[in-house]
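Each in structure tokens, the structures are laid out below.
Two complexes come next, and they have one chain in common, subunit A, joined by subunit B in the first and subunit C in the second.
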Partner chain A sequence: MRLLARLAGYVPTVVLARRNVSRASARSALAVVAVVIGVVAVGGVGLGGEAFTQNQLEAYDGFGGVATVSQLDYPDDGAAEPNGELSEQEVGRLRQAAGSAAVIPVVRPANDTVRTPDGEALFTVRVVSMSDPSRFYELRSGSFPASSSRAVVVGSRVAENNDLAVGDRVTVSTDSFARSFRVAGVLKGQGFSDPLSADRSVFVPVGQFDDPTYDEALVQVDAQDGSLDETVERVETEFNGRDRSVFVDRVSDQRDQRAETFEQINLFLLGLGAVSLLVAAVTITNTMLMSIAEREGELGVLRAVGYGTWAVLRLVVVEAALLGVAGVAVGVPLTLGIGAAVNHALLGDPLAFTATGLRYVALGAALGLGIAVFGGLYPAWRAATREPVEALE
Partner chain B sequence: MSLRHRLGGSVPVLVAAVRNVSRAKLRSALAAAAILIGVVSIAVVGAGGEAFKSGQLQRVESQGATNVYVFPGPDREREYFTREDLAEIQETVGTTGVVATTTRDGQWHRRSDRSEQVSLNYVESAAALRAITPVARGELPSTWRRQAVVSARFASDHGLATGDRLRISTGDESVQTYRVVAVLSEPTGGVGSAEVYLPARALDDRQYDRARVLTGSADEAELTAALLREEFNERRDRLLVFELTSLLRLFTQVVNGINTFLVGIGAISLVVAGVAIANTMLMAVIRRREEIGVLRAVGYSRGAVVRILLAEAGLIGAAGATAGVVLALPAVMVANAAFLGDPLAFTPGAVGYLAAAFAFGVGISLLAGAYPAWRAANERPVDALRG
Partner chain C sequence: MATADEPEPILRGQDVVREYRTGGQTVRALDGVDFAIRPAEFVAVVGPSGSGKSTLLNLLGLLDVPTSGRVELGGEDVSTFDQGRRTRTRKRDVGFIFQSYYLIPTLTALENVEVPRLLDRTPVETRERATELLERVGLGDRLDHAPDELSGGQKQRVATARALINDPNLLLADEPTGNLDRDTGDSILDLFDDLRTEQDVAVVTVTHDEYVADAADRVVRLIDGEVRG
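Presenting the complex of A and B:
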């Protein structure tokens, strides 16, 4: 305590300001509450939005080092039929160009229909087939079937909306077959950012197709074997030399675009939340105006005994700043608590704070402090420029 | 002046409140400003969102919400409708019109050495085409044979006008020449739109890949869709039936949810404004402690004191909320102009949000004034007068 008092002695203005602020405790407390709400609104919206973004972007986790290759709808050369399919030969060329990278062709059969055991057709569900979906997805329950077996893996939304569980049977019909399959596994939820829309898909083993036509291919590079950029370069050289014939898209680019969209939405929400800080600034101004009106005589005395205009100005601004500091001191832990709750709910880990999220919290704190000082400026100027003689009357 | 006094005389509480509020002008003005900001943020976000929603709904409705779209279902043996199928559908829906169309991809031979892909839509008759899309320029012949109608976008993209000739082929068939006789008006787009419309008799097979049932309203469309599902899809899905009404409902639900969320975030600022009001009123009752003591001593009841102070808080709130709504109006009008094409096209939902913002502003002021008022009213007059 002695140490604190000695330290405080170095900043007499702060000590004086602190005393003044606590003289009207109800009024100051209410002003602090206003700042707290504003700080929590900005920080909370920022953290919540970040947690939501991370939650959505988790869908890309399994797609590290992956690019999608699909045929252009309208190839430049015009000779090739623009059927949107990759032929067996093109897949071969792709494998050659990709080198050590894995090439996973994806089948999306035409006229696909999935039916529940009651015979209800699920129109929003797509049939997908690729070798080894476990490369990209994790299961919530069950297991991945062997390539030749009569079993499928269903996406999380497909399972939830239609009460499907492991062991149930679904009928899948496509151009080339109509068969009944056992549900072998249910995927974890991927969110709407998933590159393959797995949530709304039924994964059929590749072995079920006698003569598959490929709609796109995924190229996956193992980080140890080489870089995706080099592989993409080779694929581009092979297919898009003179005429462009395929479209190569890095999944990481898709992820970045999605993340950018989310960030813009988040900034908009943040701006809306920041309006409350504006109101808090008005509250601070009001509080400080009341305070200086009450202490008119006292401030007059200070001026009369030699306090300069600047000293009074500084005193009142520091008082306002203290209200802001108190608001931030309460608001930031509160924000972090809310953020932890949201993280726990969306990401399963209360401490999954990201640098961006924490930056939003810091922004809220800085704004809280800033508006407090800003809100105190006018009252301070008014108090400081009052003629001592008038004030003392 | 006398009228004002007489009016005021009938609500003495209000007169006292006005006087008291104006005793501390700056303080009251700042508190009202806090409410104003909150009201503006709720009103602009809420009413702007409503304008956006209505604009989108109007667009979708103009693109055929009164239609029911019917496609061959997965349980049909054929992937197209024949004339018999269409007759069966017509029988089920009764008097309402059924228009069957077929979309194909065709090649447009602009020059002998160059062709490009166009989307074609074959329609049964000129009357049927008029029923599904409005025609902007040109006249359709009553017997439609070798004439084509093009969409407005297609015409403007390629500089086509009525009288021009289009050489078009589909699949392996030979090239046919059609004369452009009409251009459709925007907006086209929506379900089943195409670039070039041709008569169905140009098809050799007369197989239709879709039909639409034209009804008078979105509600009627929903009923018709239900009727078709019941009739054709009892056990097997012979038809795929779509109507936009259920989609519209889903869209409305989603937009309403988002809007409520945004308004909720905007409402945080009104909560802060409530804190400002509480602060102002707390100041007021502390300053006027003795005065309130006197009122109590001369016989004012607790309730009367609470009423006076609540009237003050409500007055500040009402002033701020009124100014807020007035300030929000131009912003909402900008949103109306942008989404609905008319600045004065206030939708009931938008008016609702403006009213809600006002009510919320006044309500939160009363709520915030309650504690200071209660505190002032419960002080013993003797203590208050003693100072």
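Presenting the complex of A and C:
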């Protein structure tokens, strides 16, 4: 006897099961496809969701150690809203409280519109002004203008949606001015999670505003110089004594909230993916029921020649499990392939798999195998408890 | 009762009744049958369709238990056996040759013969024994053929070899020559004779074939669930 055949002799149930599965190959293949779909659904949603989350959270990368500070406004109904304005004096206090941390005041002028030279208004575009946007953003093309120059930097969506390139001109009008600007640079895409919504913004140099009022300020602490928490603490002490006058929001908190939201959406989608695994379980059950009905006589013979109920039960469950194993064997590489494609598209690196993402793939594989066994249980029980006399009739 | 020249029966039945309920009606397939099967005996059970032949064969093979009466194996009432013990006893003592063979189509002739012993995890011994049996039934050159590559007679012989792999004391054959030509049928009957003389195997066969009945030591005629003549 050849070695392989000899080894196979020690796992007779698996050998018998494998032969049986290969008997109705089309039917078995369909059951395997159902498992593959389930495995890919769970693993793919997991990997894709992870890649998407990574992609979106990349926007926060430049904002490490940054908190936003905005003036709290107390309208008549009493609930504080962070939409007041910071005066030059308050920015001064903020600088003092922040110590060595950089304070970057941000202007979001009211009644802002941006137009092309033809006079066409650009929709959903906001005007923003801050010193040194290069602190947070990289350019796709062009360069950052000097703070006094008549040039702007535009976000990636603004450029793409309106065919703007470096050298084009736009007209920016606000409450305090209406001027034509040269486009000096276009930012790299940031995604919609970006704290300043840079993709949809036009950055005007601060020098264009004669008497700016600031809508918020960014406080940035260099990790080597100190901790953001301590700086936030000092700012809170300075401004929020008896009355709360500013709202301080760590960008990392915003990031965490976003991450949590993505995670919930991911879980919801995973739930949907898991439904396809349930369908696979039903398919396996159906396949195995057909299979045992077809070879009722053979199973009766097995019982007659001395196979106990457990032996028959095991045989049918192993057959179902083999369908699951085949489904997982096809599904996992397929899922990783899809994940690599998504990683490449969203993150620029096909191999940017995260541990969490791979855990979803493992989960899909485990569930795929689990549901196959689960789906085989009822047919196996039916086959095993059938009286051999009846089966042989 | 056993006498000096009559050995103790392998299997004995007393006033065996087997009833089935079908469609709200009770059908009495066996109506108070007595029997005793002794080692090396060749018994032919004959009778018209529906006379209870298959029911009797199922009871002899411990696939079924009587509604009333006793079936004894080695002096023990088999109706006291649980399912596991009946299964183990079948495996140890009984060989079945089914009328429609029930070979597993995905297994070769050799593997089909091995089936009753596959779970024993003694692949080398099992393979030797299966090969030997197939050679004995004249299929030494067909070991690796699938059932659909074999003729009816060859399948019958594979089924016979399968029935013998556990060295049974009792061989039950349902129409063993039913689909065979006379020469092949003769070779099967010769094999039964060899098993009886060499290994004291008792053979019980259900048959419509008078030729087989003539070869038997004893003919049990069943009509309407009762033994006649």
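By definition in this document, the second predicted complex is superposed on the first by the 368 of 393 C-alpha atoms of A that agree within 3 Å, B and C clash if a C-alpha of one lies under 4 Å from a C-alpha of the other, contacts with A are read in each partner's own complex, and residues count from 1 in each chain.
Just so we're on the same page, a residue touches a chain if its C-beta (ideal position, glycine included) is under 8 Å from a C-beta of that chain, and two chains touch if they have at least 3 such contacts.
Remember, it's a predicted structure, so these values are computed and weren't measured experimentally.
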item: Partner chain(s) touched by A:V91 [first = subunit B, second = subunit C, both, neither]; value: neither
item: First, second, both or neither for A:R19, with subunit B first and subunit C second; value: second
item: Partner chain in contact with A:T113 - subunit B first, subunit C second, else both or neither; value: first
item: Touched partner set for A:A341, first subunit B, second subunit C, both or neither; value: neither
item: Contacts of A:L57 with subunit B and subunit C, given as first, second, both or neither; value: neither
item: Partner chain in contact with A:L72 - subunit B first, subunit C second, else both or neither; value: neither
item: First (subunit B), second (subunit C), both or neither touched by A:V305; value: second
item: Doubly contacted subunit A residues - partners subunit C and subunit B; value: none
item: Sites on subunit B touched by subunit A in the complex; value: 26-27, 30-31, 33-34, 37-38, 41, 45, 73-75, 79, 117, 235-237, 240, 262, 265-266, 268-273, 275-276, 278-280, 282-283
item: Residues of subunit C that touch subunit A when the two form their complex; value: 58, 61, 63-64, 83-84, 87-88, 90-92, 96, 98, 100, 102, 104-107, 115-116, 118-119, 121-124, 126-127, 162, 166
item: Contacting residues of subunit A [partner subunit B, same complex]; value: 26-27, 30-31, 33-34, 37-38, 41, 45, 74, 82, 111, 113, 119, 121, 123, 173, 269, 272-273, 275-276, 278-280, 282-283, 285-287, 289-290
item: Complex contact set, residues of subunit A against subunit C; value: 1, 5-6, 8-10, 12-13, 15-16, 19-20, 22-23, 295, 297-298, 300-309, 311, 388-389, 392
